Structure formats: C-alpha cells, structure tokens
C-alpha cells in the first residue's frame, strides 16, 4: 500500500483537524492499539510486561507530562521526579488514611496534589527564564526528596521512610498480575495521551507554544504569560503526578524517595529531548529509547554468545548508548519524532526523491 | 564574460533542506573579479539559499549542496569551512542582521576582524566603518540587541567589512534602512568596488537601486535562474520593469492603484 | 509644531471616499529614555479612526519605540496616552491586545515552531472561550469553536494568498512570506488599531504592491485604523493619510504626505534630495 | 564566635571547590552556549587519567619519584583531555552547528555516557588515589583569641588557593582578548560567527581543552580529597546552583556563586538544620539561589537576558 | 543452564558510584559458586548462574530480577536495600526467597510475616545494638553511658535511618543523648556534618554509610580532628574501600565485622586452589579474603547450604524450586561441626533459622583499622533479644496490617 495523502480530500475543517488526518495513519494507529490491547496480552511474557512494557508506559506518561511543560511551553524543568513523588506519596496517604478510597480516585487526587506543588514551584517562571528556571524546579526536587525522608507523616511514620501498597484493584478487578498491571497502565496512558493531544491542539496548546517560541510577542497578541505558564505547570504536573502514582503503586509496589530522585528527573528530561520536544509521540519514542535501548544493548552480547564480563558489558552499553544519542541528534536534532515525520514525508514522495 | 578573471563560478547547484525540500534546482552564476553582480527574485526564490551555498553556511540550516560545483578562482570550495572562506576573502552579510546580541556595536565590529591580525589594519578598518556609518559611532557602546533595526543592519554590513574582504556576499543589505542610508550603502559598495577592487554578489529586493549600481544581474524564480543579463539591459526589460521595478508603460504606478488582477509572469507558464 | 498638529486635525480629510473619524489614539508629550539614550523626546500626535497614519524617520529615530509605547511594551517616563478618550495607566502588553490593538514587528516575531495556521490561530486567542477541561475532552463546544475560528483564519489565509503553506512551520518560510503571516496573525485578532512595523522590508515591488493592497483592503473593508512604519517613500506617500516624521526621537514634521514631502527639515533629515 | 568563624571558613573552602567545577560549566557555556552536562564525567575522566598515569608511568619507565610521576601524569592527562576535546569537536559538535541549546545539552549527555563507559574501561572502576602531597592534618590557628582555637583544614586551604589562582588566570585569559570576544560571539550566534570567519572548530577545541584543564585541576583536588572513584562525577551536581546563581556566562560569578552557596549551605545546615531535622543544606542551596534569581533573573553576574521585540 | 542445574541469579553492581564496594562482593559470590561446582556441586547438582548489572539502581534491579526470574531462579540476593524493598512484594508472588544478609528490613527477621525474606546474620537493629553494647563495655557497663553523647552520622535514606528507632530506644534505656546527623546521598560533601560533630563533641560517633560516604566521613573526621578511636561504623562502613584511600589517617577506626576476612581459613585456601589456580577466579587474586569478598562468599555459602538442607528433605541430587529453597533457608542449622566442614572453623558463629526467626544468628565482632589492615577484635556481641524482639514484632505486625497479610499459621511452618 502506498502511503499517500493524494486523493484524500478533506471537505470540512473538522476532518482536517483530526489527530490523524491521513487514512493510512488512522489505520496504523488502530492496528497498533489492537496489538497493544489484545495481541500483546495474549503472547507477552512476564518479563516483557514487568521489566519493559510497564516501566515504558509509565515513564512515557511522565515524559508526556513533562513534554507539555518543556516541549510545548518551553519551561525547563528538572523537578519532574519531585512532582512524581508528590503524586505517589499523596495518593499513598489518601489510600491509607481514607477507608475504601478507590485506586483511581487516589490516583487523580495524587495528581491534583502534584498540580498544586507544580504550580507553586512554577510561580518563579514568571520572572526567571531558561536554564535559570532549572533552579526553581531543582529546589522542588531536593525539597521534596528531603521532605518525604524527613517528615514522618508523609510516610505514615514508617521507620525507614519507605512505604508500600498492596491489594490494588479497579472497580473490584485486582491489579496484581503482570497483564492486569500492563492493561491498567496502558488504559491510563491512552486516556492521558488523548487528553494531552487534545489540549495541545486547541487554544491552550497554541498559547503554550506561543509563550515558548517568543514570550514577548505572545504577550503582545494578548496571551497572558502568567496564565499560560501556570496552566502548563498545572497540566504537566498533574500528568506527571499520575505517572508517579503508577510508578510507585503499580510498578514498584514499595518505594523510597530515591525512586524519584534527581536522576529520574534528568532521565525524563532526556526522554523528552531525544524523543522530540513538543510532540506527544516524541514522549513515547524518547521513553523507548532511554529505557528499552540500554536493556536490549545489555542483552546483545548474550544473544550472540559473546563472553563478556558484566562490567565490560555495562561499560560498553554506556559507550554505545552515549554514541547513539549523539548519532541520532546529528541525524535529527529535533528528536526522534521529527525523524519519524521526515521519514513519512519521504515515504509520501516515494519513489521520487523529492 | 571573460572566464580569465572569473572570481566565483557557481555551476548547476542543487540544494536540499532537511533531506526533503529541493530548493535550488540547478543554479549557475558567475562573478568576475571586480564586478558587482545582483541576484534578484521574489520571496522564496532561493537567493539566500544560493548565497548560503557559496559561503558554506548551509550546514547549520540542515541544508546541503547535492549537485553542481562552486569554484573560487578555479578552485572548488564546497568543502572549505566558512572561516577558511573568510580567510580567503569571501565574507557574507547574512539576511536578517544576525548581530551578536550581547556584544556591543564596537565589539561586534571587532569580532568581524577576527581573521585580521594586524592591529593597525583593524584600527583603520574600524575608522573606515565608522566613517561610513556615523550612526554606529554614536551607538558604539550599546549592546547590539538594544539598537534599532537599521542600526543593526549597518552593524552587520560594517562587521563584514572589518575582515578586509575581496568578495562580499550581501544578502538584502537595504532591508530596514532609511532611503538615504540605502543610497549610502550602495555608494559604499561602489566605492569599495572601485577603490579596493572588492567584488560583490548581492541578493536584493530593491531592484531599482540594485540594478542601478550593479554590472550584471540574475533573476531567480523558484530555485531556477530565469533571466540574466547586463544590469542596463535588465532594467529596460519590460517584464523586469513591470514585476521588479513597478513601472508600467506610463511610469511608476501608485501603490494605491495597483490592480487586483495581474498578468502572469511569462516564465511561469 | 503644535500648530501643525492642530491644523492637520482640523482638516480631518476624507480621502478616497472613506470617512475618517474621531481621534482614537492620542499621544501627548511622550518621552522615553533607556539609561542615557533618549529614544523619544516630548512627542505628541494623534491617530484618527479609519486613517492610515505613517511614521517615518531615519534609522534609530524612535519609530519602533513609539509603537512599543503604544501597545505597552515600553512605558514612557513622561507623557499621557489616551486611547478612545481614556487615559491609560501602566499596562501589560497583553492588555493592549484586549483593547483591540494588534501589531507586527520589525524583527519578525512569529512563533517559529508552529505552522502558519497555528500562528494565525493564536491571533484569535482572545476570542476563544472554552476552558481547560473542555479542551482536554475536545468535545462539542470546543470543536465547534475551533472550527468557527478556523473558518475565519482560512478567510485570512485566502486573503493573504498563503494557502499553499498553511501547514508549513513558519521558521522554514522565506522572509517575505513570514511578514505576510505576521500580518495575518495581527488581522486575526480583528483589531481596531493595527500597528505595522516595516511590513514591507525585504520585499520586491510586486510583493509590496500586494502588501499595500492587503493593507488598503483591511482599512477599507474592516475600517481598521492603521499605524504604519515604512522606509519605502513610494509606499508611504501613496497610501497614508497623514505622516509623522521623527528624527533623533523628536518630531520634525506631521501632516498630509504632500506637506511632509515638501517640509525642508524632513528633506534634510530623512528624505535626502532625490524625493 | 569561634565556631561561627570555623563554619564560615568551612563554607568558603567548600564554596571554592564548587567554583572550581562550576568554572568548567561556565567556560563552555560562555563560549558556545552549551550547558555541558558532561562536565562531571570529564572531571572523573581527568582524575582517573591522572591517578592511573601516576601509577603506570613510573612502572613503564622504571623510575621511582613521586614528583616526576605526578608531573608526567599531569602532562599525559592534559594531553588526553586535549585529544578528547578534539574528538568531541570532530565527531559531535561540528555536526551540530547552529542547533538549539537544548539539543547540544542532550549531545553532551551522550558524551557523558560515553566518557563514563570509556573512563571505567580504560582506567578501571575501583578507588584510586592521587597523592600530590596535599596536607591532610588540620591546623589550629588563633588559639590565643578563641577558646580551643580555630580549626583550619590545610588541605582545603591549599585547594582554595589553587582554585582562586586558576580562576584568576582564566578570567584574565578570557576577558577582553580577541579570543574572548570571539567566544562570546560564538555563544550568541554560531552561524553569524562562522559568517565572519570565526573558526568554530578551533574555538571549540580550545574551549573544551581549557574546560578539560579545569576538569583536570578539579579532578585532582577533589580526587585527592575524596579518592578517585566514580562518585567524583556526582560532585558536578553540587556545582549546579553555583553556576546558575553566579550567572551562566560569568567567571567571577562562578566564584562568588560558589562562595555564597558554600557559606549559605554550611551556615544553614548548622544553624537552621536542627530546627528542620537536619539534612537541609542541599535544598537550602537551591532556595538561596532562587531567592537571588528572583531579584536578578540572569544570575549575579550573568549577561542580561535579552527579550526585545 | 541445564535441567539438572540449580540456577542462582547474581544481581551485582560492578560499575557506577558503588562499584568499588560492589565488585569484591560480586566476585565473592561468583567464586563460591564456581568453587561448589569445582567440588562437584550440591550433592551432584551443579549451580548455573548469571550476573546482572544493577548499578545499585532500583528500577534496573527490578528489571534484572524479572529477567532472571524466568530462568527458574530459586533465590536471590538483591545486594541493595532499595531493590530489596521493591522485591519484597514480588517475592511471595513469584515464590523466590530473598537473602539479605546484613541489610534489608530489620522487621523481616520475623518469619511469621515475612515468609520470603531472610536477613541472615543480622539487621541494622542488631548491628546498632551490638555497637551500643560495645560502647557500654568500653565504658565499663551500659549504665555508664548515662549522660554521654552519641552521634549517628548516617546516609539519609531508609538504609541509614533504619537503626534510629533502636538507638532511640537504647538512649532512653541508658540515658545517653543521641545526636542525629543526616548526610545527603551520595555523601561527597560532609563539611557541615563534621563541623557539627566538632561543635557537639560527642563521646562516640556511629557511622552509617555506604560507598563514598564512608571514606569522605573518615577524611572529614581527620580534617576536623575528631579522634578515629571514637568512631564506630556499621559493617557496611568497615571494608577495605572505605579506608584504603585514607590509609594511615584512619588508624584506630573500628567497625562491625559481620564476617571474617583474611586468607587463613581452609575455605579460602581451597578456593584459591580450586578456583583461582584453575584460572577461574572472578577477580584479582589479592582481593580474595577481603571483607566484602568474604561477605559475598558467605551469602552464597548460605544459599548453597539452604539448597543442601532442602535437598535433605525433598530429595538429594535434585534441583530445588524456590519454595523448597525457602524451606531450606528456614531450617538452616549451621552448627560448629558444619562450620568446620565448610572450612570456616572458629571464624563464624553457628546459625540456626526457624520459622519465626529468619535471621538465625546475631553474633558479630568488631575490627579495627591499624593503618594498613583490619584487625579483628576478640569479643562477640549478640543483640539483646529483650530489646529487639518486641520491636521486630511490632514493626512486622504493622507491616502485616498495612499489607493486609495474615500472620503465618504455625502449621504453615512444617509444610
């Protein structure tokens, strides 16, 4: 089947404003969803779910949230881990302190708490810009790290400061098996990805991007910088907070503040950049690149039966991974999502070179 | 043209941006030593791209020359770095000014002299530029970002002159300049051309002035050269008159009265 | 100079069949300094409804700064600004937009990462009313709103003849088209006062003619008041109703094009001899 | 009072050490607009090279002199850093001319991963020591003025002096000279800098080499303090609030920022920490930096952020 | 890995910030497995193994666990507190026991709640208890601690915070003042902490660190002139990497020695002969016998002993499942005779686990750095059951309610 737009005339603006205006794309995404929801659960192994797909989905969700802030609104954040942690610990408290709290409600409330903290630490963005803003978000990062370790109330006075949850269920269905966890994450991610996509393609999304590209000009055409920036912080930290809940509840089960350390913040930022700033799809590409690639690289020597020591393998993985980051940036500085769309553009022209 | 004193020879170049957008579709042009050559054409014709291809600044725009040759005095220069080209005397004034925002006007100018090592020469050049653009002298200590658009344009031109070039690629030098400064800029061009034998290749929208001051002109449309000739001949060509000079049979038409429907350009059939 | 001004105001010419209305914007004794640099010194002039008011002057005269003062990017140290008769206190730039003032910029200030369509859509931002949650769901009202505004924007796109590049990221467009998109973005706000800072720089005659046509049409059809900065004297003289001339931050002339063209001081400071 | 002075002193010394690392960031940022995420990895790499060369060279050449070993190791490590700078420019930066800062930041992350792997492969991942004869014992001063005297870490003092000297040297080298101007031009606009003949590749090799030199000095000082091990690359994180507070483009800013953060951290931990349950110095540093930034968004000495239409 | 091989996953960290500590540990584990295989396996069952690099990161550890789980892992040593937390939930589901020798959750000693966790030989509570007892002994009786000031310089993480409740309890009991000084991970900057030590002048300081934090603490102690003789570390702060780089300056510093070290034992001699001389050593030869190497060795020794015990019940010469190994771990009985057979005569204390006690032994000694090597002290300490047991019980009960798990029925013990 040739990948062509020709002949697909859009007769209404509604048709043109669809998320996937091209028929082939719609088919492809449908097939992808069918595979993700039906085929993968049938054939996937425990390892695939627990070690690869679940973390991938959750971190992709977090990256998606971060992408709204960094990619769409242009506000650099190194506090993603903090907002995840706020989501996770808040949801934990709702769950243990309120009897019969449903998981989904706890999750959304966790997200809301993250929103509040996100907006709070977003306020300096009205004055501080660019890399300098990183300080505000780093303050959030280290402050929450510290608070969750030191303030016993947050951890329900657990002696070590590590907490855990058990017996998760949604509408009475237990979220225990790998498949159930995977499907739950997948569903949440799909819903949020759709919501995020909707936001970025409507007025607020354009406001964010306008602020990102040129804030003075945006103000001149009537966009309130404060509103745009703070909504970006709010929406972003909400999604990130929900991702934090999933990470803690569904993926780890038991966690300590270190699960949301600065390393996590950096990791997510890198996902967003390598995946493609300002692209919902980019969050998924980025998460795949940063999470899945090292795992695969790690196993390559084994597949080929190359006898390498653990340390050597690990060093090589580091080097190859680093080199690949640079390589992909050279090929396409705007990230994998852009690479993808250029690929599609070429496909559209194919077999003619231009 | 006499190939013996050919300074720059661009031969059938194609340029592709981002691996997908073919923008120049075989552009050839020549600049003989000591001449002023103009590239004219509408928005998006490919003038800037041509200049970038010559000065090797395409890479940063993710563009590349995929076909054709570019020669400076018979030597291929596609592989040379932009700075090497400046060292050989080819300097470009970029479209849209591109002053160093955080540097003062004077620092901008001095940065332009990076390739010159002779202190005396640099000082002399600086004086020359200030003499050309007295406005810059009054603003010499302001950061470039806080000067007016026209001042920045002067700064960009002055900065290029600081490297004592043999050949200048001027991209829309008149943009944003007040009319009498435009005249002055072209007087400067003429002056340098005559006195110091500097060659110019200029991309310009202000066709009237450009043709008045240049020796030879190329007209680019859609990534192709559609017409070329001595400046005088071009200026008297009917099409050029209508589309680039805004003159019709009975002289200049008022901007208030332009028709809503216009004749199609002959070469766009 | 005050005399000039009053004379010009008294005449209130009705050019080309359009009715020039009352004073919509009145600037009184504006002075603006940046540290030691005096960008504007005691400048007064007014703009009437429906007219095309040009500001000319040599480089660095303070023209762009004047526009920045009008729409609140700069706040003058001295002087009064009256918009529709009301004196304006210190204001944020986005408030000017809510009052119906739109503008284009000398150094193109488009949103580089966005497509042409999205750029122009941002211009309609103030007219969109849906809330965040509705947008996240993208149902009913939001979709209707988007489509309605899209319709308006497409009209502008048609008007400016940029249909073919609708989905292109503006960063990749050639300079001239970017200028056009910027005009489109300003128009999308359906402003009552439109400030244009050198909209025709970097265009050839043909394109300038197009641009003039756009400006005149906007002025005609929507009755938009326009303040125009331009260095092409042909354009200025042909299409403006009144012209202010600035030099080194001071006003040196004000009046109908012909008047200004023959003003000795203006000729000396700006036009040179040839015009 | 005596204890307060000691704390103050400790803070100043710690701050000086942060400055040393911050310096590397500032140099590269100033000269190319790149926030070099790999600075920490470079510190580790340089320190590893130094430690291992000091161990290997005497073995290879068969001599037994600590001083000579250190001198040769320093030379070899520096040479390695220059080669590294060259390779980075060739394979990475030169292909990313005119790209946005964030892309370049990401590229430096790639470099950082690569260096981590390479360093550990080449030099091993155990703890190594650098012995450049730093005095370890504390000194007591002003014993007559204060009861118990004032404790002064000689090691810190030496480190602080070296750091200060290095900073002064670099400030001198980069300020006002033609190269300095060219660097700032490059940071503003890669393409325009190229268009007027500034050779990006040379500039970048120079800057990365100098940053490599700063990394080497920082690596030696921190390495002789902490032992050369992977954790050295983590000290880069400590320099983050310092660079931002001082202003990303300012060499003196790195120093002042370091001192403020160092002192602020120590004083807060000691005098405020007990009320919060301790461990506050890490976030306090950021809150401190944030407070300064709210007043000066471009950092103490950073170049004013230009937003003009 | 063949059908008739017992599979041991080896989670290790040989790179990154904790590599200097992780490497000898990992080598010890590996060497012991190789040694067992070289001596004919466990009743003829060879051990298959695979290493997986965690870099001390929890998510990487979980990934490793999931990856190796599929290969029929029968027991796992997560080698990091964070990973242990994450795996504690997964182990019961996957039926894979966790050995957390000397680390992990203190409460997991209670086998009634933590059916799958085995903090053999000691937890942070027993460690802290032993240290306090040692200090009491130095002072000439625990009651002499009254009015003394003891500081805890700890890694600000669950690992570092675990001993606090016990120390608080002891402080209450004996009337000493406890000063808590957290150090932010990774612990490369401790100036403020040690200035506080200098200000407060505690009589003793306990060090609860890991990795670079330990050597930095020692260096700062030197720089602030705090006597090393008054500084006592947990067993994660008392290995060669912690003092190596401080050298003679650390002389006098003591730390708990969870395990013996040195190359004198029969076991080590045998390993050197059968593994290293055969060219199979995992690491350099001179690392054999170092503190953390020995700890890895012991962990693997208990693992094989558990399999052996299980085989005694479920069939010698068979591959044991996770559940069977769990039973073995719960019924370990390493008496002096067995210790002799294992080649460690006189070097470790007997260890006997039960259904309710998953620790088996809390005996521990201290060793002191003499400037060039660790010197073992003579006295053994055992945690005071009267202090520890109620705490364990309470914590375990709390965990059980939180997790909605019921205490194991005594009948479950015999299964």
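We just call them A, B, C, D and E in the order they show up, numbering each chain from 1.
Following the convention adopted for this analysis, a contact is a pair of C-beta atoms (placed from the backbone, for glycine too) under 8 Å apart; a residue touches a chain by one contact, two chains touch by 3 or more.
Only a predicted model underlies this, so the values are computations on that prediction, with no experimental measurement involved.
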For chain A and chain E, chains touching each: D
Identifier of the chain whose CA centre is least distant from the whole-structure CA centre: A
Rounded Å distance between chain B and chain C, as computed from the means of their C-alpha atoms: 29
Distance between the centres, which are taken as Cα means, of chain E and chain C, whole angstrom: 75
Whole-Å gap between the CA centroids of chain A and chain D: 32
Approximate Å spacing (C-alpha centroids) for the pair chain B, chain D: 44
Where chain D touches two or more other chains at once, by residue number: 99, 120, 125, 277-279, 282, 308-309
Touching two or more other chains - residue numbers and ranges from chain B: 21, 146
Residue list for chain C, restricted to those that touch at least two other chains: 73, 105, 107, 109
Which chain pairs touch, all of them: A-B, A-C, A-D, A-E, B-C, B-D, C-D, D-E
Parts of chain C lying in touch with chain D, wherever the complex brings them together: 68, 73, 105, 107, 109
Chain C to chain B touching residues, read off their complex: 16, 34, 37, 57-61, 63-64, 106-108, 172-177, 198, 201-209, 212-213, 216, 231-235, 238-239, 270-272, 274-275
Touching residues on chain A, where the partner in the complex is chain D: 76, 124, 127-132, 134-136, 138-139, 142-143, 145-146, 149-151, 214-217, 220, 262, 270, 273-274, 277, 311-312, 314-326, 329-330, 333-334
Chain E contact footprint on chain A (complex, rising order): 45-47, 50-52, 55, 96, 146, 149-150, 156, 159-162, 164, 166-167, 176, 251-259, 263, 295, 298-299, 309-311, 313-315, 318
Chain B - residues contacting chain D, complex: 55, 57, 59-61, 81-87, 91-94, 98-103, 107-108, 110-112, 114-115, 143, 145-146, 159-160, 162-163
